[in-house]
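What follows is chain A paired twice: with chain B in the first complex and chain C in the second.
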Partner chain A sequence: MANQRLNILVKKFLSDSILGVIVLLLLVGGVASFTIEVFFTLQNFTNFLSGSYFVMLLAMGMTVVLISGGIDLSIGAVMALCAGIVAKLALQGNSVPVVIFCALAVGAFVGCLNGLLVTVIGLPDFIATLAMSAFATGILFIWTRGTPIVGYMNETYKQLGGLAPIYRDITVPMVTAIVVAIALGALLKTTKFGVHLFSVGSNRLATRQSGINVSKIRILAYVISGICAALSGIIMAGRNTTVPPDLGAGYEVLAIAAALIGGASLMGGRGRILGAVLGEVILAMAINIINLLGVPSSYQKIFIGGILLLAVLVNQLVISLQKKVFSRDNDKK
Partner chain B sequence: MRFKNYFFRSVSITGVPIFGLLIFTVAIFQFVVPIFNGTVADYITNLVPVLLLTVGAAIVIIGGSIDLSIGTVCGLSAGITMWTLASGLPAALSILLGVATGAFFGLLNGFLVTKLRVNDFIATLATLNISGGLLIVLSQATELYGAESEFFTSLVYGRFLGIPTSFFIAGGLILLMQFLLLKTILGRRIFAMGNSGAAANVAGINIRNVKLATFILSGTLAGCAGVLLASRLGGVQAFLGLGYEFTAIAGAVVGGVSLAGGRGSPAAALAGGLFIGTLTQGLQLIGVEPVFFGIVSGLALIIGVIFDQKIQDIGQLRSRFDSRVLAQPPRRQGDRG
Partner chain C sequence: MKSTRKIKTLALAVISSLICLPMTGSPANADALTATSAVVQTSATDAAIRKLVNGRTIKLGFAPPILSEAYTIAQQGAWNQMKDYETRYGVKWVWTEEAPLNNAHSGVETSGFIQNYVAKKYDAVFVCSAAPAAVMQELYKKGAAKGVQFYQFNSTEQLNQKSQKTDPTAGLSNVSNISYDNRWQSGALAAEYIAEKLKGKGEIIMILGPAGSDWTKLREQGFRSVIKKFPGLKIVGAADGGYVRDKGLNAAADLLTKYPKINAIYGENEDMALGASAAVSAAGLKNWDGKSGIITIGADGLVSGMDEIRKGNLTATVHVGYADMGRTMIRTMFAHKVLGMNVAKFIRVPTVVVDKSNVDIFQSQIKAELATGVKY
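What follows is the complex of A and B.
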């Protein structure tokens, strides 16, 4: 009985779409730990993971939007804007909860604005969020006049950014990423909203015709991604110790890459929070390996491009193998 | 009555509304500060590479995909051209090599997307990093320069009948693309594929080859843009081309090219690209502080797209049934699916 149940569990795991990502993770990690001595040490792991939590948060928010069938190009800029708000308000001497609340509120507000542009006005997701990214960066530029905001750091912000641990190796960004991952995972798996989100992403028209408020779901997806960006911005403000106006440039692309490696689809209706987390771990690990191998920094971009391709190809290979194996299984029955 | 009908029918053609908006913008700038008198040639010469990229982006988007690599491929093509010229190759050969670089990356993108079935966004994102990285390696993170070919500089700065030669090159290429998309079998197939890949497949079109063709076209255009960019700048920096892809895609979409695929034209993309270019250039000349540029261009993007959508909706509602206009159903991205 127990054996059978275990069998089912194993089979379920082997047919899961997340398997491709895990195989890839083990492959990259395995090869690296045999060839590079310092790779498989706790210190190296905490080192490269500590630099990945904020992108992880962005990737999780991006996954929610991708599932709903949209895309959010503004998260990098919103992250930078929220980091700027944290720095500005902290400089004015506001207490930490007020600062955090304001940053989260701005993130949610920008997300809501994205959602409204996409649903009420009917702009393409790509354009609306690209424009919002230009707005957010523009506001930060006007604020800072092109020079970084400095001098707001103190012990609390060090802790928020993960520069100082709260207990041994446990840092605030780590806890934030884990809590958000569990919360979003539960939201997608167990709530009505989660089911509706997948439905909207798979077939918008059918969802609307079955009486679900599509616009509301899509706006909420953007609000979630805005809040994730704000959380990431709060961490970034603490981690970076200064806020230059171009802080967020390029992070949206990293977040999309992590989400897509994790099994999300640009067509909507597919994606996993765990996938986004593992996708970002793979990216961070790959960059870490490149650094450890001593590749000159001018070659790094080429490698990142190659790894991106490799990741997607391996993932596809595993999924197609799964399909082959398990469709044969079903035929037998 | 009849005039009214013609009017509504013509504004519902993709690209016409944004062209109107473009003329309006130019007129306003001309009224506020007569800036376009002496500098109009310069201003379009500056825009030519980005306009070519916009047209390339439009072709891929019409086919239902997206190409994010065009910006850095353009930069790499510029780098290759400059590098080979500086190492003493004849100008014609290095120009050819620059264009070939673009075509090669187009082929690579197409191969990844059609044969290996990698998602187009990810595949071109990867080639964006690869081509951008290659330029950094090639330029050793500094700058490539040292082309001493008069023929090469005359690509942009030479004049024929008093008009810069780059106009003829870019104009010719864009006209060719317009013809290719609207008047040839391949063009019709690109539209068919963009509207519905599955339907096109069932109708017997080899959509893999058509998709491959769109990527090669956009890569080649990026190569041409790179050559012209190198000729204009006279030096190629390590990060040249980064971010051009967003300007190009934004220009195409403002011009009425639908990201859902199957709608738009090279000429419409050209109008959209010119609109964004004019706005930035005009604001610069008026003396708006650069810190406000992001906000203004974001606003322009939104207003341009809304204007295009609304006026086409009105036009399609008002004009009588016309197979040419209504061949594609009036749809918006927001209602996709």
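What follows is the complex of A and C.
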């Protein structure tokens, strides 16, 4: 009986779509551990993870939108905008809870706007969120007037940014990323919303015809993405200690890369929150390895490209192996 | 006889000075006739220049690679100089600023802005771009053919600089380059500072700008060339910080894990140096206190950076004179375009390493420029 249960668990793990990401992580991490003396140390893991939590949050939000069949190109700019809100409100002497609430509210509002543009107005996701990205970036440029917002930092914002721990090696960004990952993971796996989200991403027409409010699901997906961007912005305001006008540039690309490495699909209907987390861990690990190995900066892009390619290849290999093994099992039955 | 002649000459000099003295204008900004140094200018000269200007409107374009504190300071320096000329000579100014919102180091958007300025027939355009030099020179050539003058500022033409031995243009289609030498006036200065403070012995890590950036290459060249002269100094590691603070922090944190006993960190700009300083604190290591700890030195010369020097979060920075560049841009353009003077192809502004010992001087200077309230 116990053996049977173990067999079922092993089969479940081996058929999980996340297996490819885990295999890659172990592969890259394993090789790095043998070749770089300081790689497999708590300090090193703490270092590269501390720089990745805010991108992890963006990747999680992006995954939710990708599952719904959309894409959110405004996530980096919204992160920056919310960081600007944190800085401005903090400078005005507002309390931390008020500052956090306002940033989250703005993130959710922008997400809602994205959702409305895409569902009610009917703009393509790419265009709508790209326009929103330019809008959010423009607002930040106007606020900052070309110079960084400074002078708002205190011990609390240092902790929010992860520059000071709350207990030993535990930081606010770490806790935030873990809580959001658990919450979103549970939302997608155990709730009706989660089921509907995958359904919308897989086949929008069929989902609509079955009576599900597709627009509502899509809007909520963008709201979740906006909130994740806001959380990331709150952390970034503390970590960066200033909010420059060009904050956030390029982070949407990292978020998309992490989500795709983690198993999400640009076609929709697929993705895992855990996958997004592990995808970002792989990206952060790649940069960490580059820095520890002393790879000349001119070769870094090739190295990162190689890791991304490896990630996709390993994932594809694992998926095709899984199909072979489990279809053989089904045939035997 | 000889002594009498001497006395007469001296007396003549004194009397002439006494007569001329009331006619001198304020020396502080009295430099329309030269791009780089102050000379005494009389109100007669002002009147003559005013007559020449004749209420003319000059349209200027400003194309920095990105909107940031550095280029805001340069712009303010330019505006302050423009205000002075407006008051003295009656020049009317139209000023347009356009900067990319995205990747500052691609230069693609800047090329678009320049084409706009040419199409709108601006008189002169001040450009700082990361686009390939050949691309920019082609744009300047086409623009110059349509009567638009181009001045590069904060530029990296040192990388591809041709000799003026036989060609006064040095192969460049822009009128002048107002900058500082990234190698010897930035990178090398930072290295000299570290060498002096560490008395020629120690281990250093470098946080570099993006790969392929000309600024990165030049500053690194200058830095390494000085460090080579000190056998006791060793650069043990380098990483890409992307010219942004959080990437600089991550890069420094990674290198500090591998090399925890380093003595200095050179960040090619202030943001990365500040990120590195945060990494030092996060690793439980000590920032330089004048006698021990890890030296962190950057480059830019920003008000925010100098605040961090006061707080002890940054040891030093190479102040590259953005406000000075801004003023010099306008003086050079005015001398050339309005007064018809031949200006130098390469104008270098002074730079200096700023630390706690002299931060009062240079920060107050920049703050005074920014506080004028002048805007165009």
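Everything below uses one rule, namely that the second predicted complex is superposed on the first by the 333 of 333 C-alpha atoms of A that agree within 3 Å, B and C clash if a C-alpha of one lies under 4 Å from a C-alpha of the other, contacts with A are read in each partner's own complex, and residues count from 1 in each chain.
We adopt the following convention: a contact is a pair of C-beta atoms (placed from the backbone, for glycine too) under 8 Å apart; a residue touches a chain by one contact, two chains touch by 3 or more.
Values in this document were obtained by computation on a predicted structure and should not be read as measured data.
Peer 1: With the two complexes overlaid on their shared chain, look at chain A and say whether chain B and chain C clash or fit.
Peer 2: Because the two structures are overlaid on the shared chain, the partners are seen to clash.
Peer 1: Figure out whether A:Thr137 sits in contact with chain B (first) or chain C (second), or with both, or with neither.
Peer 2: Touch status of A:Thr137: both partners.
Peer 1: Looking at A:Lys301 after the superposition, I want to know if it touches chain B, chain C, both of them or none. Which is it: first, second, both, neither?
Peer 2: After superposing on A, A:Lys301 lies in contact with both chain B and chain C.
Peer 1: For A:Ala128, select first, second, both or neither according to whether it touches chain B, chain C, the two together, or no partner.
Peer 2: Touch partner of A:Ala128: chain B, not chain C.
Peer 1: Report for A:Leu309: first if it touches chain B alone, second if chain C alone, otherwise both or neither.
Peer 2: First partner only.
Peer 1: Which partner does A:Arg145 contact after superposing on A: first (chain B), second (chain C), both, neither?
Peer 2: The answer is both, since A:Arg145 touches chain B and chain C.
Peer 1: Which of the two partners, first being chain B and second being chain C, lies in contact with A:Tyr53: first, second, both, or neither?
Peer 2: Touch status of A:Tyr53: no partner.
Peer 1: Have a look at 134-142, 152-160 or 260-268 and say which bit of chain B overlaps chain C after the superposition.
Peer 2: In the superposition, chain C collides with chain B along 134-142.
Peer 1: Could you tell me which stretches of chain A are touched by chain B in one complex and by chain C in the other?
Peer 2: Of chain A, residues 134, 137-138, 141, 145-146, 298-301 contact chain B in one complex and chain C in the other.
Peer 1: Tell me, which parts of chain B touch chain A in their complex?
Peer 2: Checking each residue of chain B against chain A gives 112, 116-119, 121-123, 125-130, 132-134, 136-137, 140-141, 246, 249-250, 253, 258-260, 291-299, 301-302, 305-306, 309, 332-337.
Peer 1: So in the complex, which bits of chain A are touching chain C?
Peer 2: So the residues of chain A in touch with chain C come to 36-38, 41, 43-44, 47-48, 50-51, 134, 137-138, 141, 144-148, 150, 163, 236, 239-242, 244-246, 249-250, 287-288, 290-292, 294, 296-301.
Peer 1: Which bits of chain C are touching chain A when the two form their complex?
Peer 2: 66-69, 71-72, 75, 99, 101-104, 208, 210-212, 216, 237-240, 244-246, 249-251, 253-255, 257-258, 271, 274, 278, 281-283, 304, 307
Peer 1: Residue numbers of chain A touching chain B in their complex, please.
Peer 2: 69, 117-119, 121-128, 130-135, 137-139, 141-142, 145-146, 203-205, 253, 256-257, 260, 265-266, 268, 298-306, 308-309, 312-313, 316
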